[in-house]
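Notes follow once the structure below has been shown.
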Amino acid sequence: MNTFGHIFRLTTFGESHGPAIGGVIDGCPAGLRLDFAAIKRSVALRSPQTTAGSTKRCETDNIEFLSGIYEGVTLGTPIAFIIRNKDVRSEDYADLEHIYRPGHADYTYDMRYGIRDHRGGGRASARTTVAQVVAGAIAEQWLAKQGVSFSVYVDQIGPILIPDQTDGNDVNKSPLRCPDKFTEALWLDLLEQVREEGDSIGGAVRCEIKGVPAGVGEPIFNKVQAALASAMLSIPAAKGFEYGLGMSAAAAQGTESNDEMLLKKGKVKFNTNRAGGLLGGITTGEPIYFRVAFKPVSSISQPQRTVTDSGQAVAVQISGRHDVCVAPRAVAVVRAMAAITIIDQILSK
Amino acid sequence: MNTFGHIFRLTTFGESHGPAIGGVIDGCPAGLRLDFAAIKRSVALRSPQTTAGSTKRCETDNIEFLSGIYEGVTLGTPIAFIIRNKDVRSEDYADLEHIYRPGHADYTYDMRYGIRDHRGGGRASARTTVAQVVAGAIAEQWLAKQGVSFSVYVDQIGPILIPDQTDGNDVNKSPLRCPDKFTEALWLDLLEQVREEGDSIGGAVRCEIKGVPAGVGEPIFNKVQAALASAMLSIPAAKGFEYGLGMSAAAAQGTESNDEMLLKKGKVKFNTNRAGGLLGGITTGEPIYFRVAFKPVSSISQPQRTVTDSGQAVAVQISGRHDVCVAPRAVAVVRAMAAITIIDQILSK
Amino acid sequence: MNTFGHIFRLTTFGESHGPAIGGVIDGCPAGLRLDFAAIKRSVALRSPQTTAGSTKRCETDNIEFLSGIYEGVTLGTPIAFIIRNKDVRSEDYADLEHIYRPGHADYTYDMRYGIRDHRGGGRASARTTVAQVVAGAIAEQWLAKQGVSFSVYVDQIGPILIPDQTDGNDVNKSPLRCPDKFTEALWLDLLEQVREEGDSIGGAVRCEIKGVPAGVGEPIFNKVQAALASAMLSIPAAKGFEYGLGMSAAAAQGTESNDEMLLKKGKVKFNTNRAGGLLGGITTGEPIYFRVAFKPVSSISQPQRTVTDSGQAVAVQISGRHDVCVAPRAVAVVRAMAAITIIDQILSK
Amino acid sequence: MNTFGHIFRLTTFGESHGPAIGGVIDGCPAGLRLDFAAIKRSVALRSPQTTAGSTKRCETDNIEFLSGIYEGVTLGTPIAFIIRNKDVRSEDYADLEHIYRPGHADYTYDMRYGIRDHRGGGRASARTTVAQVVAGAIAEQWLAKQGVSFSVYVDQIGPILIPDQTDGNDVNKSPLRCPDKFTEALWLDLLEQVREEGDSIGGAVRCEIKGVPAGVGEPIFNKVQAALASAMLSIPAAKGFEYGLGMSAAAAQGTESNDEMLLKKGKVKFNTNRAGGLLGGITTGEPIYFRVAFKPVSSISQPQRTVTDSGQAVAVQISGRHDVCVAPRAVAVVRAMAAITIIDQILSK
C-alpha cells in the first residue's frame, strides 16, 4: 500500500536509484495558491547538507510539478510531482547486490517480492520520504490558512534529552534540529564519538500541533492518534509513538492524568493538557503533541555477520558515507506526515 | 470510520447503552469451522468478572451470529454478530447527562457531532471493544491453522514492571493477566491502595506474535508496525505503542540495535531479534513483539472541576463501580486487534 | 465486497434463510430525526404483498435498529439494523441443495467459495436487498431536506413500454409500479400469460432525480454516472444501465446530443437535458435520469437441463411460488441505491 | 477520485495541456517482464493517427517509466509513468477560455472547483485516458500469462451496426476498428457526410473477454458487472453499459435468458452464454461480453448557443480539428479499463 489518507490521499512511488521518486496528491482543496519556495525549503530541511550527522550524498532534489496546478493555484485535480534521482551510480552498490545488510529491508523485500532493486535500498530507502515532505508542505500551506501550526524538533539523541520541551521556532537553523544550544553541543560531541567508533545512534523527535479546532477526528478506528501513529510508524527507522503522557501514562494515576475543564470568559478551557489534545480520538482544541523514537542508522562501518541471497555466510562492513543519526533529517518527515494526517482528518469531518 | 482492515475488514457498531453492540466481518476466508466456545472464552476474558481492578457491571455478553456461517462453517460472506446490552438502566446516568467528565470523550463528541448518547459513554465506551474481541477470536482461529500464536499479558501497572518478559501461557488464569505470581501480589496491593484513595492507575500490555512467516507486510504506508500502531491506538485509553527496542531505541547504538543474520542448517536465522520481527515494514519470520501503554481510568471518585454542556462550572465526583486499572481487561482487546491486523496483512499478500 | 460508498458507507450482510439480514451505515450525518414509518413503507414497497408478478412468500420484514440513533435522532455513529428471517423452512430447499439452478448463482458461489448456503439462494438472494432499501430510505430522508427528490417506476415489461416518460408520483399505488393505467392493464395480461406458460419475463426501471445542485460529482473514476452504474449493476438481475440519451446515443448526432445553455433571469439554464444532468461526471443542476434493464426471473417451472454439484446431469423444474417479473419489486431497490449513491456524492464534495 | 481498483490500483493525473499526464499503478504483481513495445502499440491505438474520424493533433505520446521496474521486470512497488504534453499552444484556446462549451464539462468543473484549466478541456479531456491505456496494457500482459484474452471493436456508428458479432482479431488494422470490411465502407461514408455537415456522431464498442476462470468476482457490491460498468462509465462520452442480453433482457422471457448447464467430458459446460459469463456477479468461466455506447463528439462546428463564465449569452462554433466519432479511439480505452477491472477482480480473489 503506497497510499495514505482518505480525503487528502497521497500516493508515493520511486526507488532510491531509479529514474525518479515522486507522488500524487488526490483531494487537495482547489483554489490554494502555492508557495513553491516554501515547498523547496521543506525539502531542503531533510537533505544532508542542512543537517549534521548525515551522509553527504548530494541531493539537489529539484521538484517538478506535473499536474493539478494552473498558474500557481491548485485545481482540485491530482497534483503529481517528481524528483529526478541524480548522483545515481549503480556500480557503487554492486558489492552489496547480493548481501542482506543487517537492520535493512533487503531480506524482507526478497521474501515479499522475490525481486528487489538493491541499489541504495530501492523502495525501502529513506530517500523516498522526500515525496511525503513535498505533500506535507502543501498540506501545511492549506492548514496555515486555517490557523494550524507545527513545532517539530529533535528532543533526544542517544541518552541525552533536551532539558525542557519548548516551541522549537528557530530549530531549522540548527543542524541537529535542536532547540537548545547547550544540548546541541553535547549531541555534536556524541555524534563525533559514535562516528569514530564506526557506530550509529538513535534519537527522538517531538511534534506539537497548534490551532486544530475541537471536534476533529474519527472515533473508533481512525482516531487522530491512530492515524498519527500509523503515519509515524510508516517513517523508516521509527520504533515507537507516544502522545500526551505517552508510555509514562502506564505509571501515572488518574489524578495525574485527567485534565480538569474550566470556563474562561465563558469559554471551555482545559486547565492542563496531559491528554495531548485528544479525547476519544477527537481533538479537544488544545495542542496535540507526540514523540517518535528512531532506531540508530542500520548502516555501520563495524563488521557484522550476515548472509547473501544465495545462502552464504559473510561479514559486511558498510564503509563510506552514511548517516550516524537519522533524527535530524526525520524532523522534516515527521512534520510532513503530521500535516498530511491533520489535513485529512479536518477534510474528513 | 468504524471499519478496520483492507481484506479482512471489521466494521463495528453500537453504543454502551443502546440496544446492542456488534460487528460485521467482511473478507473472512470461507471454509473455516468456528469454535464458538473459544470465541465465548475470549469475550469472557475482557469481562470484569474474570479480571481484578474492574467494575462489576454484569456483562453476560451473549453473542449471536446472524450471517456468514452455515452449519458452523464460514461461507466467505459477511459474518455479522450482535451482543445485546443488558443491565441498561439509563436513569443511572441521568445525573451525568449534561456534564463533561474529565478524561472522557463527552466534550469532544459534542464538538464533533453536536449530539451524543451520554449513557455510559455511548459509542466512546470501552464496552464497544467487545466487537473487536469477537472478530479477533475468529481471526485467531484462522491464524492458528497457519501456525500463528499470540502471547499477551500485562507487564506493568503503575511503576511496577514484571521482572522479565515471558511467554504468558497461563496468564488468562491470573485476574490481572500477570505472568508472574510475585508481581501480581504487588499489583493487587497497589490497586487496593489506589482504590482506597479514590484514584486510578495506568498500565501496559505486551504482545508477542509467533509463527508469522517472513515476507508478510506492506512497505511504505501500511507497514505491519504502522497497522499495529493504528490498531493499538484505536483502543480506548492507549497512549503509546512501541515495538522491538521501542522508545529506548532512541538511546541505543547501531551495534546494539541491528540483528546479525546467520545460517543454521542452511536456513537464514537472525542471531537476535531486536527488530521485533519487522524490517522495512515486512516480517522477518522472527516473533513480532510490542507494548502498549494505557492511561489510568478516567472515572475517579475524587472531586474534579469541570463544565456542563450549557456552560456551567461544576465539580464532579464519579462514585460507585468503575475500573481502577484498564490494563487487565485490555489484554483481550490488544490480542484481538493484533490478530485482526495480522490476518489482514497475511491475506493482503 | 459488501460495502458501498465512500463517505456514506453501507455494509450489508445476511443470507436469505440465515438468522437475519441487515446492514450498517457508517457516515450518516448526525442530527437527522428519522421517520421510521417512512422507512417501513419503503421496505414494504419491495415486498411481494404490494406488487404483482411476485412470489407470495410472507415477508413481514420488521426492522430493528440497534445503534447510531438516540431518541429518534442520528448520532453520527454507525446505524446498524437487522431484519429477522421468518418463514424459514430449510426443508423446502432440500431437494435443490445439490442442484445448480440455471440463471442462478449456485454454481458460481461454489466456484468462488467452495461452500454455499443453498437455501433460497443464500447470500445471492434478492431478498438481501432489503438492507439497501432501509439504508436508501434513510439517505432519502436526508436528501429530502436538501431538496432532492426521486421518481422511479417500471417503464417496460417484456416488449411493452410505457408511451411517455412521466413523473411517477402515484406509482407506488400501482401493483406493477406503472405510471400509466392503460399500460398496466396490458402488462397484467402479459404477466398472466407468461405465468401460465411457466415462464418469466424481463423489465426495465426508470429513475429520475431532481434537485441535486450543480457541481456534485467526482471526475474521472467515481463520476456520478459510474457510481450509479456500479450501484445499479449490483442489483440482482440487472443487465444494463443507461443515462441521458443512453444506448441510443450511439445512433445520435452532436446536434441532437448537446444541450445549449441559456440565461434565464440571469441564471444559467440548459435548453434541453439530453445529457441526463451530468457533464464530465459532475451534475449540471438538471435532473439526473437513467434506466436499468432487468432480465427475466431465473426460476421458471418449465423443465431445464442442468448439473449437480457432484457432476450429475439432471433436469430441474422449479415449481411453486416465484416471481414472474422482478421489475416492480426492483423499483424500491433502484430508488434506494440511487439515494445511497447521491448522498455519498454530495457528502464527498 | 482519481484511483480505480482495490488490489491493482491505478491513480491517474494530468491535464490536457499541463506539463504531463500519467499514472501510478500500485499492486501490480512482482516479477512480470514487461513488453514495452506492446505498451507503446496499445497507446498508439488510441491516437488519431491510427484511427479515422479523429482530430489530427500530433500526439507522439512517449511514455517514460519512473519507478517500480528494474531491468525490465516489475518489482511489486508502484509503477509510475508519465507522458509529456507536447504540441501545447495555450493561445489556441484563449478564445474559449471563458466560454462554457455545450456538451463539455467546462460549466460543471467551474461549479465543482471554482477554478479550471480551460486549455483543451483540462482534466476532463479524453486525452487523459492515455494513462488508463498504459496501465491496461500492463494488466493485459499479466492476464495473457493466465490465459485471458480480449477482443474489442466498434460494432455501431450512428444507426449502422455490424451484421454479426465476431472475434475482432484483426480489428486494429482497421482505422475505424471495424471487424467487417463492408460495414467499414458504410461508416467511412457516414463520417464524411457528418463531417461536412459540421456535425458529429455516436457509436458503440463491444468487448469480449475469454479465459477468465470460473469463480472470480465479488458478490453484492463489487460484482464483476458492477466494476465493469463503473470502469466503462468512467470513460468520457460513455452513456450506457450492457452485458449479456443487455438492455434487451427487459423484453426477453426466462426460457430465452437462462443458460442450461451440461456435462461435457465430465466437465460443467453452459449450453449457451446469454448471461455474458457472469452469474451473481461471479464468472462462470464462459466469455464475458458487454457493449458501451458513446455519445457524439461534443465539439461541432455548427453554431450553438451558450453562456460565458461571467454570465453572457454567446454563440459558439468550434471550428478546426476535432473528432467526429469517438468510438474508434475508445476501443483502446475500453480494452484497457476491461483489463484493469479483470486483473483487479482476479487478484482480489
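We call the chains A, B, C and D, going by the order they appear; numbering starts again at 1 in every chain.
Here is the rule we use: contacts are C-beta pairs under 8 Å (C-beta built on N, C-alpha and C of every residue); 3 or more make two chains touch, one makes a residue touch a chain.
Just so it is clear, the structure is predicted and the values come from calculations on it, not from any experiment.
J.: How much rotation, in degrees rounded to the nearest 5, is required to superimpose chain B onto chain D on the basis of Cα coordinates?
T.: 180
J.: Compute the centre of every chain as the mean of its C-alpha atoms, then state which one is farthest from the centre of chain A.
T.: When every chain centre is compared against chain A, the largest gap points to C.
J.: With chain centres taken as the means of their Cα atoms, state the distance from chain B to chain D in Å.
T.: Those two chain centres are 47 Å apart.
J.: For chain B and chain C, let me know how many angstrom lie between their CA-based centres, rounded off.
T.: 39
J.: Distance-wise, how many Å sit between the C-alpha centres of chain C and chain D, to the nearest whole number?
T.: Those two chain centres are 27 Å apart.
J.: Using the touch definition from the top, which residues of chain A touch two or more other chains?
T.: Residue numbers touching two or more other chains: 1-3, 12, 77, 112, 123, 219.
J.: Can you tell me which positions in chain C touch chain B when the two form their complex?
T.: Residue list for chain C touching chain B: 1-3, 9, 11-15, 18-22, 24, 26, 30-31, 64-70, 73, 75-80, 82, 112-117, 122-123.
J.: Would you pull the chain C residues touching chain D in the complex into a rising list?
T.: 1-4, 6, 12, 100, 102-105, 107-112, 123-124, 128, 156-159, 194, 197, 199-204, 213-223, 225-234, 236, 238-263, 266, 268, 271, 275-276, 278-285, 291, 293-300, 302, 304-307, 311-313, 327, 348-349
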